[in-house]
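Structure record follows, encoded as C-alpha cells.
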C-alpha cells in the first residue's frame, strides 16, 4: 500500500486571546492517500477552516501550534521546514481555494497575472508563456472568452466565474493536493453544482488529492471518498462516505444529519434540533465536547474523553463516542416498525 | 437587501478566522489601559489643576516685571527663568495653560454640537438635503482654515471668545463629515430597518437608534480635536492674533522668545515643552480610548 | 465624461461660493484700507476721496458683481497698496509655495511609506509600537514649534544649514533647495504621521484579506505579497489624505513661510491681511480654494488610474 | 373561499443605480390566505427579498397594490401606515445586525409597544418577560444584556420576540435561518412553527434554500429575475415541477445521501442576465434548455394548471 500523501498527527492550533487560549483545533490526526478525496464537515467554529490554514501555513501571528503536532506531506514535515522550503511547497505541492470568490481575488490585479504569477515564481515561466497557459487554464475551468477575460479585473466577473478563476489559480502550479475551503458556500445552488462538478472532474483527470471543506453534508455525500466530521476542534467521526452515512455511529453526526430539512419529508414536520450551542473553546468540557448537547450521554461522557473506536464491520470507520449509535439495532427496529 | 446590480449573494459568507482576529486586537495592548494611558492622563490632570487654581498655588504674577532679572536662566527665584521683560516663565506658562485648555476644550464642543446634528441629518435623509450639506462642507473646506481665523480675529478682535467660537466653526464640517459617515454606515443596517417596521418615526430613529452608535466615534475624534485645537490656538497666538498681549499664551511666549533663541533658549523652550507634552497627552489618551471604543463596537457587531 | 462635467460644475459652484463668502467677510473688516492709505493725519474728506477713488463708497454687492466680472475675464484687480497686479503677485510667489509643498511631501512620503509598511507587517509588535510612539511625538510638535527647534538645533547649535535667504532656481539648484530643507522638514514632521497611520491601518486590513492568503498560498515570498499585492489596494486612503494635504499646502504655509522668510503665497496673504489690502486677500483666497478643489479633482482621476473597479465602472456607465 | 389576508397585485419595484434603473420586481401578483405560509424562493438577485420589503413598504413600491386585511398599504398615508404597521412585522436575515448593539434586550423588545402607545412600564415589562420565555430565553438572564452577548440563534429568537410583541397578523421572514448553522437552523424553524400555531400567524417566508422551504411552506412561489415562474402547493410543486427553472433548482440541491449520485445539471448554463436589461420574452430563456423562438418574442403569462398550480412558461413540463 502506498504511503499517505498527507498525514496529520495530533495537530493542534491554539489562538491567544485576552480571554485565554482558544483551542480552535485540538489533537487532530488523519491521513490521506494520493488521489483520494476527503470531505471535512463541520459547523462554523468547529475548526475545519483553521485546520486548512494550519496545513497551508496561513495562520495569523497570534496562533500557536503546540509541540507534538506533525503534518507530513509528501515526505516533508510541514511544521519544521524553514520558510523558504515551506514556500516551495505552496503552489506546486498544495493549492488552496477559498470560500468567498468576492474577496479571494486581488481587485486591482488582472486575472491573467493572478493565474500565472505562481508559475512565474516557481517555474520561471515567461510572461508570454504564462499568459498563454492562463488562457488555457481559464478555458479548462469553463470561462467563456478566456482571451478577453485574461486581461480583465475580478469585479468584471460574476461570483461563479470568479470561483472558476480561483480554481484556475490553484491549478496553475499543478498541485498534488488541493484544499477547497467552502468553495461554494457563497454561491447560489445552480452555480454551486457547476463548481463542484468542475472540482470533481479536475481531481479525477489530474489524479489530484483533494480536501473539500464544507458545512453541508449534502455536498460531501455524493462527491467524496472519505468524510471526516469535526466538532469543537476535533474529528469526531471518520470513514468512507458510504459507511459514515449508512452506519453513522457518533451521536453528533447523527444529530446533524437529523436536523437537516429534507426534500423527501412532508411539510411542517418537526425537525430534530440540537439543543444549546457549541462549547466555548477556551474552556471546553472535560469529557466529550458534545456531551452537554447530547441526548444520549451517560456518566462517562461528562468526565472522560471518549477514545477513538473502530467500527466492527469496517475498521477504517472510526469514531469517538462513549455511547455510540447501533445502526444494526436501529435498522431492525425500523424494519419491525414498518412491518407492524 | 442584495443590490441586484452586483452578484453579491444573499446569504452572507461564513466568517473564517474573523472570530479569532477579534479576540486579540491587532494593535496589541491598545485595549488595556497601560502606562501610556495613565501617565499622560496624570499630566493632563496636573496641567488642568494648575490652570484652574493658578492664583492660589503660590506662583508669581505672570505680568509683573522683574527688571533686575531680565532673561535670567532658571534659578531658585524663577524656577523656569524669566523672559526678556523679566516676567516669570513658570507663571506665564501656567496662566497660558488657561487659554490653551479653554480653547482646546470649548472649540471642539462647539464644533460637535453643531456638526453632529448636521452630519446625521445629511446621512439619514440623503438626497437633496445631503447634497446641499455636503456641498457646503466642501466649500467651507476649500477656504484655508487659518485664513478664516485670521479674518475673524481681525474683524472681531482677538479675544478668547472669538478664538474659541471661530475655531469651533472650523470644526463643524469635520464633525459633520464624521457623523455623516457613521450615520451612513448604520443607516442601512437591519436594526434601523427593524425600527421602521415597528412604525418608529424619523426623529425616534435618529435619536434612539442612530445617535447612540454615532456618538462614540465622534467623541473619540473629539479628543484628537482637542489636541489640534490647542495646536491651532498656539499658531494663532504665535502670530499674535489670539488673546492680546500682554496676556500670556503658549504660542505667544514661543514667538516672544524667538529673538533670543541663541542666548536664552529657555524662554521659548519651556512653553514649547509644556505644550508638546499636553498635545501628546491628549493624542495618547484619545488614541487609547478610541481603540477601546473600536474594540467594543467590533465586538458588538 | 459625464463625470468630468459634473466635477467641473461643482468646481464652479465652490469657487462662486468661496468668492462671495470671502468678499463679504473681507468687506465687513472695520477701518478699511482708505484710512491706512490716507495716513493718520488725513481729514475725513481726504479719506472719502480715496474711497471714491478706489470705488469703495458703493454697495458691497455691486462691487462684488463687478469684481466677479473682471475676475472671470482674467483681471484679478490691483493691490490698493502697491498697485501690483494681484494675478501677477500670486503667480510670482506661487513657485516658492509649490516647491515648499513638493519638498515637504517628498520628505513626508519618504518617512511614511516604509514605516507604514513595516508597522503594518509587524502590527502589534514592538516595532509597530515604537513607530506609533515616535509618530505621536512627531505629531504633537506643532509646525511652528518644529520650525523653531530645527532652527535652534540644526542651524544655531550644529551649524549645518545656516538660516539662509531664499534664492531663485537660477542661483543654482543647491542654493535654491537648501533654503527649503528646514521649512519642508517642519511641515513634514506632522504630515508623515497622518499618512503613515492611514497606510498602516489600511494595509493591516488588506493583509487580512483572503486574496493575500491566496497570494501566500501560491508560495510567493512575503515582500512580494506585500509590495505587489497589498500595497496598491491599501494606498487609496493615503492618496486621499495626501491630496488634501497638497490642496491645503499649494497655497503655502502661512506660518512656515513667515518664520523662514520665504516669499510665497502664504506670506503674501498674511501681509495683505495685516495691511487690509482686501483685493489681494480676495485673490489669494480664491486661488487657494481653486487649487484645493483642483487637486482633489486630480486625486479622483488618479483613483481611476489606480483602481480598475472605478475605471471600468465609468467606462461601462 | 378561504379568507384572504394579503392581496398583492402587479407589484413593481424599481430603483436607480449608477448603471441605470433596475426593475427588481416586475409585476408580481399573489394572495396569502389567513393562516398559511407562502414561501418565495429563488437565487440571489431574483427579487424575493425586494418583494418582501415592498410589502413592508421599505421602501415603498413603484406601483401596484398591496391590500392587507382591507387596508391598501401602498395608498395609505405616512401616519396611517405607521398605525397599520403593528399588523405586519418582519424578521431579518442577519440576526445580530438586526439588533441595535447599544441597547439592552428589554429595550429592544419593548420598543414596538412604546411606539404603539403602551405607556405603562410595568405592563410592558411583563409582556417582554412573557415573550422571552415563549421564544425560549430566560428573561431573568436576558433582559438586561446587550445583543453581542448572545449567539446568532439567540439573537434571532430576540428578533422573533420583537416582531411578535404587537401580535401581528402577518409575519414576513426574510431568510431568517440562512446565516445560522444547521443545528441552530432547526431550532429556529421549529420555533417559528410553534409561534405560528400560538399566534395564528400568516407567514411570508423568503429563502434560497428549497429544503427549508419544503419544511415550512404550504405554498411556494418560485421567482426568477423579478417575476414569478411557478406558484403552487408545495407537495405538487416539489414532486413534479412544471417550470424548467423549478426543475433546475430542485435538481441542483445536494442530497445528504451518498447513494444518490448528484445529477449533472445539464440544463442551467451561463450566468444570471443583468437585471438592468433583462432578456425579452421569458426571462429564463437564456439559460433554458427548452427555449424556442416564442420564448424570445412573447412574455409567458401565468396560466392555471388542473391541480391548482399556476406556471408562467410556454413549454411547461406537465400538460395543461
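Labels A, B, C and D are assigned to the chains in the order they are written; within every chain, residues are numbered from 1.
Basically, a residue touches a chain if its C-beta (ideal position, glycine included) is under 8 Å from a C-beta of that chain, and two chains touch if they have at least 3 such contacts.
These figures come from a predicted structure and were not determined experimentally.
Measuring from the average of all protein CA coordinates, the nearest chain centre is that of B.
Relative to chain A, the most remote chain by averaged C-alpha coordinates is C. Chain A and chain B have CA centres that are 50 Å apart. Centre-to-centre spacing of chain B and chain C amounts to 21 Å, using the average Cα coordinate of each chain.
Per-chain Cα centroids separate chain A from chain D by 32 Å. Residue positions of chain B with contacts to 2 or more other chains are 7-9, 11, 16, 21, 24.
Within chain A, contacts with two or more other chains are made by residues 44, 53, 60, 62, 99-100, 103, 158, 188, 215. In chain C, 124-125, 208, 210 are the positions where the chain touches two or more neighbouring chains simultaneously.
On the side of chain D, the complex with chain A involves touching residues 43-44, 151, 153-154, 181-187, 189-190, 193, 208-212, 214-218, 234-235, 238, 248-250, 252-262, 264-265, 268, 270-272.
On the side of chain A, the complex with chain C involves touching residues 53, 56-58, 60-62, 87-92, 94-96, 98-100, 103-109, 117-118, 121-122, 153, 155-156, 166, 169-170, 173. By the touch rule above, chain C contacts chain A in their complex via residues 124-125, 208-211, 213-221, 224, 229, 232-233, 306-309, 312. Residue ranges of chain C in contact with chain B, taken from their complex: 10, 13-14, 17-18, 21-22, 25-26, 28-30, 123-125, 128-129, 133, 136-137, 139-145, 148-149, 151-152, 156, 204, 208, 210, 248, 251, 254-255, 258, 269-270, 273, 276, 281, 285, 288-289, 292-293. Across the complex, chain B is touched by residues 17-19, 22, 24, 44-45, 47, 49-50, 53, 56, 58, 81-83, 85-86, 89-90, 92-94, 96-103, 111-112, 115-116, 146-148, 159, 162-163, 166, 175, 178-179, 208, 271-272, 274-276 of chain D.
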